[in-house]
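You will see chain A twice below: alongside chain B first, and alongside chain C after that.
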Partner chain A sequence: MIEIVDAGPFNTIQDLGRPGYRNIGVTASGAMDPLALKIANLLVGNDEGDAAIEVQTFPFRLRFREATVFAVTGGGDATLDGVALPPWWMQTAGAGQCLELRPSPSARAYIAFGGGVDVPPVMGSRSTSLRGAFGGIDGRFLKKDDTLRLGEPAGTLPVDGLGAVPPAKALAAFFPNAPDGTLLIRALPAGEHDLFGADAERFWSQSWKISSQSDRTGYRLSGEPVRAPASVEMRSYGIVPGVVQVPPGGEPIVQMSDANTAGGYPKIAGVVEADLWRLGQARIGSRLRFVRSSHAEARTLDRALADYVEDVRNTSQMVARALKTIAGR
Partner chain B sequence: MTSSMPQPVDRSADTLAKKPPSTPAYRRQAHISTIGARAFLLEAPGDFDLPAQRRIWALARALRHWDDLGEIVPGMTNLLAIFKTTPEDPDAVTARLLDAWERAESIDIRGKTIEIGVHYGGEHAIDLAELCNRSGLSAREVVRLHYEGTYTVFALGSAPGFGYLHGLDPRIHMPRKTVPSLNMASGCVTIGGMQTGVAVLTGPNGWNSIGFADLQMFDPTADVPAIMAPGDTVRFLPERIEL
Partner chain C sequence: MSAVDFSDPATIAFLAAALQAAGVDGIEIEQPARKVRIVVERDAPGAAPLVQTLQTSPGATQLEAVTAPMAGIFDANHPDSPAPSSEPPREVGAGETLGFIRVGSVLLPVKASRPGMLTGRVAKDGAVVGYGDPLFEIELRP
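Up next, the complex of A and B:
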């Protein structure tokens, strides 16, 4: 059992979401950084898609009611009873110990627990849908004095203290940033791209600031507006996270995990799926630039991510097995 | 949290409603574009009408047999096909989808009929007066045209269980508002361009409200969470008219 000691708004229970229901209007939701969620789970011996806590409002504090294996990945500077933990780290906490997360350059932290957070799945997922008011704990964000039950851990965890190399470092060759720190986000032109005429080129060339009107629903970008010369006729169409739409004002919106399932604004681009985790970690006020990509490049990035996840999975299983063998002697 | 974010509400209806009737068909051939590397959007050619939507339903049915698809999302005379992994050859995917579209015969889904009791006018009908101004009709006429219509659920989307209803009398078409209502109640009976529907979530909404229906459209814990399904027929019953 976990007890929430201190939490700002918008920290929620998330897993990999509930895809498959967009045709009845249900948003997939799920972790904004699915890569960090998977690694946190693998480090504690869970399935990669078990439910964890997504923290995006700091500081955040929780207390362990009994000895519990946990991992913190993504953003957030973590301390256990005041002792700093390395980034992307798993460890066993003793009963009564307190985990605190403070803000870091990345926007969102994931806390996984051995056995996963045990809330009832709704439509195949434990993810919180704030708009739909279901999933997680009654579809709401976590608050002080909430208690969370955990599932049964996969086994006695023989290891105490194990880290993963953060993907920003391990995969730096595949996911570069500009020298000035601007996030480079790979995207493909979408249906109405060419209708923006000369403005379309400016969409790619300028850097955009993530405005304060940004959350799990989507990011509104500020910059030099891009406009289509004539009003664009659209019929409502299904959307996915990463779609970059341009409302009449000319400042793009990137739809994220909690976006509506359908939209009608003209779409200028679509972020490749392999870059969504980086967008999920981008903070309000930071800058990004869209880089024209291709299906071939998207496949290369998909493969790099899959290899990284496999590496962590194999290593954590191997370490667990090795230590179990030693313990059995 | 949603209030801080402009909602990507469907704006299609506005432009469609403004489109002069003499404008030629919107496209002559089906058109395919991408959203990211895995999602492909097929847009039907021609008018926004039931024959086009019937072919979209047929296409959706045909695509259920494609093992490499993760999700099929029919929209308004369009369909989003989301692949499980990034396709190696996007041109081949486009060709496959166009081929499937060409083969898709119109199907007539024999859906159920849903009758929805409506309290027309009253505190929730915040846009009824403006609709009267715009159409030159009396409130009574507007309400009558709405409840005498027979509507078809074209697609579900935007919010859980929300059905886009086709079949609204052209005399009461009304563009979506430029500035959405910030806190429209779930249950409001609304008009967005040439479509009508019943709001399923309380929150920002750009459609025009003319009444209220006390009916839960969605239950996430039910075996079939959404009451409406594509192809269903919807009728509105005037339970109360308060003008």
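Up next, the complex of A and C:
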């Protein structure tokens, strides 16, 4: 059992979401940085898709009611009873210890616990749908004095302190940033791209600022507007995270984890899935540029991510077994 | 603590050459009153070996080596840490993380087992180390 000691709004329970119900209008939800969620779970010996806490409003504090294996990944500067933890780190907390997360350059932190957060699954997922008001704890964000039950730890690693090399470092060759720190986001031109005529080029060439009207539903970008020469009338179509739409104002919207299931604005591009975790960690006010990608590159990035996840899964278990053997001598 | 050159340079040279020929990184020889440690620079064959004589006679300050918990690549800093950790000598607490061993994409902490004064770093950042290899030296508080 854990107890929320201090929490701002919009911190929720998330897993990998419920993607199979968009046809009946149910938003998929799920972690904004699914990679960080998976690694946090693997570090505590869970299945990669178990439910964890997504923290996007800092500071955030919780107390452990009993000895608990936990991991913090993604953003957030974590301390356990005031002692700093390295980033992307697993540790065992004692009963009564307090975990505090303060803001870091990355937008969202994930806290996984051995056994996962035990809330009732809704349509196959424990993810909180804030707009649908279901999932997680009664479909709402976590607040002070909430208590969370944890599941039975399955294969908890018998080590005290273990981390993953953060993906931004381990996969630096696959996920570059511009020298000035602008996030480079790979995307493919989408259905209505060519209707924007000459303006379409400016969509790719300029750097966009993530505006304050950005949340788990989508990021509104600000910059020099891109407009189609003639107005584009469309029927509604299905939407998934990563779809970049351009409303009449000309400033694009990138759909994120709580994306609507359908929409009618013309879509200029689609962010490749392998770059969505980086978008999920981009902070309001930061800048990004879209880089024209290819299906082949998108597949290469998918494989690089999958290899990294597999390496963390296999190596953490191998290391834990070796340490157990050494300790038993 | 006294870290002085071993008394007979010829003996050291002979031992160092033997270690290098055998592909061994280092050796510790314990005698009743002292301990001699020779660490060979594997990547720089011509370089002089690191030689330390550690006095262990009663009354002297006790030195403890912090060793690698596992084979891997040593680094005193976390890959995400922009600032290098402060160099020795400095006070360290029991359980304090002094560095990391990287195995693939996984990091293991190197921790001080007891409080004391961190007096030396034996392994260099990026060095491949084996289980039990000395990484740091701590002068234990009496």
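Here is the rule we go by: the second predicted complex is superposed on the first by the 319 of 329 C-alpha atoms of A that agree within 3 Å, B and C clash if a C-alpha of one lies under 4 Å from a C-alpha of the other, contacts with A are read in each partner's own complex, and residues count from 1 in each chain.
Operating definition for what follows: contacts are C-beta pairs under 8 Å (C-beta built on N, C-alpha and C of every residue); 3 or more make two chains touch, one makes a residue touch a chain.
These figures come from a predicted structure and were not determined experimentally.
When the two structures are aligned on the shared chain, A:F10 is found in touch with chain B, with no touch to chain C.
Of the two partner chains, chain B is the only one that A:V271 touches; chain C does not reach it. Of the two partner chains placed around the shared chain by superposition, neither chain B nor chain C is touched by A:G197.
Judged by the touch definition given at the top, the superposed model places A:P229 against neither chain B nor chain C. Comparing chain C and chain B on the residues of chain A they touch gives the larger count to B.
Look at A:P19: by the touch rule set out above, it reaches chain B but stays clear of chain C.
In the superposition on chain A, the residues of chain A contacted by chain B and by chain C do not overlap at all. Interface residues of chain C facing chain A in the complex, by the touch rule stated above, are 69-70, 78-81, 97, 100, 102-109, 111, 131. If you check the complex, the residues on chain A that touch chain B are 9-10, 19-27, 122-123, 130-132, 134-135, 187-188, 190-191, 212-218, 220, 231-240, 242-243, 245, 247, 253, 255, 259-265, 267, 270-274, 293, 295, 298-299, 302. Taken in their complex, chain B has these residues touching chain A: 1-2, 4-13, 15-16, 19, 26, 31, 33-39, 41, 43, 48, 60, 70-80, 82, 85-90, 155-162, 164, 200-201, 203, 218, 220-221, 225-226.
Listed in rising order, the residues of chain A touching chain C in the complex are 86-88, 159, 161-166, 168-170, 308, 311-312, 315-316, 318-319, 322-323, 326.
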